[in-house]
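Next come two complexes built around chain A: one with chain B, the other with chain C.
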Partner chain A sequence: MNEHYFAALREILAQGLPVTIEVSIAAMLIAIAGGLVLGVLRALRNPVLDTVIIAYVEILRGIPLLVLMFFVFFGLPQLGFHFAEVPSAIIALGLWGAANGTEIVRGAIFSISAGQSEAGAALGLNWLQVMVHVILPQALRRMIPPFMSLFVATVESSSLAALIGVKDIVEIVRLRVENDPALWIPLLVSILFLYFFINYPISVASQKLEKRLA
Partner chain B sequence: MAMITMSHVRKAFGSNEVLKDISLAVDPGEVCCIIGPSGSGKSTVLRCINRLVPIDGGEVVVDGLSVTDPKVKDVDLRRRVGMVFQQFNLFPHMTALQNVTLSPRKVRGLGAAEADELAMRLLAKVGLKEKAPQYPAQLSGGQQQRVAIARALAMEPKVMLFDEATSALDPEITGEVLAVMRDLAAEHTTMICVTHEMGFAREVGTHLVFMDGGVIVEEGEPRAIFDNPQAQRTKAFLSKVL
Partner chain C sequence: MWGGLWTLEITLTGIAGVLMVGIVGAAMRTSKSALARGLATAFTEFFRNTPPLVWIYFFFFALLGVGIKLPAVVAGTLALVFYQGAIAIEILRAGIEAVPSGQREAASALGLSPFEQFRSIVLPQAFRISLPALGNNLISLLKNTSLISAIGTIEITGIANDIIAIRLSSAELYLTLGAFYLVCVFILSTILRFTERRLARYGS
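Here is the complex of A and B:
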């Protein structure tokens, strides 16, 4: 069992871990970019835009992430859009993250007191200048902790990609134990530590950033 | 010609009629003080002047620009009107200097050096030159409000609006802010001050307006009104606050 275990562990670290990290970081970049754009658009308080964005956020947050992944990987090809396993996982996780990111950005922007934008407007700044120079610099600090939590959740949720065949940490464990069920416990304990070593630095970085920006 | 002319201004928030037919003229160099009970519409009058609040009816003309004219841009109106708020509303992520230079740089298009020079001159004017590199959280309330005055002056506005500029301050520090306002008045800055400082309104004001329930009940020369109010509501109000 020892050599099987170490072979499996090597494969997890050399092949599974990079895939998990790639999927998580790519999805997180989509979440941040999408969240910033949609969250700032919400601050325009345009009724039509608001309706569209709220619908997007509520639908994406209202369905299980796994269903979303199945939809992108198995459903979209039937509509003529074909994506491989890894891009499908990134798209699903990214769209889900962007919905959560929108709420993070919107919440942070609206938590800045109305007096701030009033003062900016009274100084002759236009809407965009008020957003860029007055609101966002203050709101960004408040976005860091929830975005870090979202990052942790994204890393954890990326394991669902195993179910559409992405060879991430979890999928490699599953393939290895099929041949050797005795590896279940040693491998599960190993990846438990592995996920912890990915996520713990994110939490620590979040706390440090929060302190520095406070 | 008047610097600011309001004629028959009406404003409602939902079913709450805040301003009912307000007409008021403020000449260049005048210090117009607006007094009255809470909820009488005083702050809304100020907000109508720089379009922070759009009016429902009537007309406001600021230095020849009409607030109801869609061709008049917000920025052109607001450059002429400096505003100081009850809660200061300094930008907490910027130093005192950066607070003051923001509008000169982004709105008036001054270069960094020129804006800094202007800001230092204005901070010196409000007695806070040495506080330029400090953040608002490091300043006392009175100091923050003086920075806010310098920030508004940096637009080189034609008129300054003060919305209860001393109401959020402890009584012993209102004096330092009022002193700055007195200096501005002595330089013949056109000012409209919503205030609860009756001493300031009486001694510094050149024009007193008493508002109640969204209407101007009485207006005129401050001393005349303080010493001999005509309307019953003015008498009742002054007897409570003096």
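Here is the complex of A and C:
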């Protein structure tokens, strides 16, 4: 039991952990990019754009991520789009993250006082210049703590990828215990700590930063 | 169809559980006892930094390993109650700390015991302050009930997977499933907003 446990643990760290990290970081990049674009578009206050973006955000945040992941992996092939396991997981997590990212960016932009953009306009800057040189530099700092929390949520949610067959931390545990059910407890406890040691420092840093910026 | 009812039943039981864990935990987090504070803090930080799916496996398979056989629904609901409960503790703690200390002092001057102070003075106000964040947590509970499909096929996502395994029409089924959750989330958030407005009447 001991050697089986350590063999499984090695596989989790050497093969599962990199997949979990890869999926989380790739999804997070989509979330940040998508969130920035959609969040800034919201600041235009264009009624048509607003409706489309709000619908996107509300739908993606209103359905369970697992259902979205199943849809991307099992449903999209029927509509002619085929993605392998890892890309499907990244797409689903990324689209979900981008919806949350949009709210983060929008919240940060609207939290900058209106006087700032009025002052920018009074200096003769156009909308884009005000956004790039006045609003975003201030808003970006306020986005950092919530984006760190979103990363923690993304790492946690990347575990759902196991359910479409991505060989991440959770899936390797599941495959290993098929031959050896006695490993369930030690392996599950080990990966709970593994996730905790990844996420806890980020959570703490996010809270500290938030307090300092407040 | 029955799957949808199970989803609602798990959610309602879960809401009761989450509120219970949240209130007890938040009372501990803000108590004078360092031991109670430490325990509640460790509980919160550990659960909310680890994936709920792993907790569902833990409550189902790990307990099975030591001879405790919980039905999938019970194991899944327990796991979610602990995970969302940990988040509720953090939310309610912030709410309790936002209640002005004069409230507690006034209650104490009126001769209320610490328990009565907490129950009838601090908690109702903290609850009102926390309700928007608490509501999001309950909505997230509703969505996370879909994770229970990983260990059984009782609630709606698990049943959808079963139907797909038989009939292979996954795109439409997952869209329907998504619509089901959207409607549920909409109803739950409407109820929450209504409650928020009702409570605001007693407002600050």
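Just so we're on the same page, the second predicted complex is superposed on the first by the 202 of 214 C-alpha atoms of A that agree within 3 Å, B and C clash if a C-alpha of one lies under 4 Å from a C-alpha of the other, contacts with A are read in each partner's own complex, and residues count from 1 in each chain.
The rule is simple: a contact is a pair of C-beta atoms (placed from the backbone, for glycine too) under 8 Å apart; a residue touches a chain by one contact, two chains touch by 3 or more.
Owing to the predicted nature of the structure, the values given are computational and were not obtained by experimental measurement.
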Next on the checklist: If we overlay the two complexes on their shared chain A, which of chain B and chain C does A:Gly115 touch? Say first, second, both or neither.
Outcome noted: first
Checklist entry - Given the touch rule stated above, what does A:Ala162 touch, chain B (first), chain C (second), both, or neither? => result second
Checklist entry - After superposition on the shared chain, which partner residues are touched by A:Leu125: those of chain B (first), chain C (second), both, or neither? => result first
Next on the checklist: Looking at A:Gln15, would you say it contacts chain B, chain C, both, or neither? Reply first, second, both or neither.
Outcome noted: neither
Next on the checklist: Between chain B and chain C, whom does A:Ile63 touch in the aligned arrangement: first, second, both, or neither?
Outcome noted: second
Checklist entry - After superposition on the shared chain, which partner residues are touched by A:His133: those of chain B (first), chain C (second), both, or neither? => result first
Item to check | Dominant contact partner of chain A by residue count, chain C or chain B | outcome: C
Next on the checklist: Contacts for A:Ser149 in the overlay, against chain B (first) and chain C (second): which applies, first, second, both or neither?
Outcome noted: neither
Checklist outcome for this item: chain B and chain C footprints on chain A meet at residues none
Next on the checklist: Using the touch definition from the top, list the residues of chain B that touch chain A in their complex.
Outcome noted: 50, 52, 74-75, 78-79, 81-83, 85, 87, 89-93, 102-103, 106-108, 148, 151-152, 155
Checklist entry - Which residues, counting only chain A, touch chain B once they are in their complex? => result 113, 115-116, 118-126, 129, 133-134, 137-138
Checklist entry - Which residues, counting only chain A, touch chain C once they are in their complex? => result 59, 62-68, 70-71, 74-76, 78-79, 152, 155-160, 162-163, 170, 173-174, 177, 181-182, 184-185, 188-189, 191-192, 195-196, 199-200, 203
Next on the checklist: Using the touch definition from the top, list the residues of chain C that touch chain A in their complex.
Outcome noted: 45-46, 48-55, 57-58, 61-62, 64-66, 143-147, 149-150, 157, 161, 164, 169-171, 173-175, 177-178, 181-182, 185-186
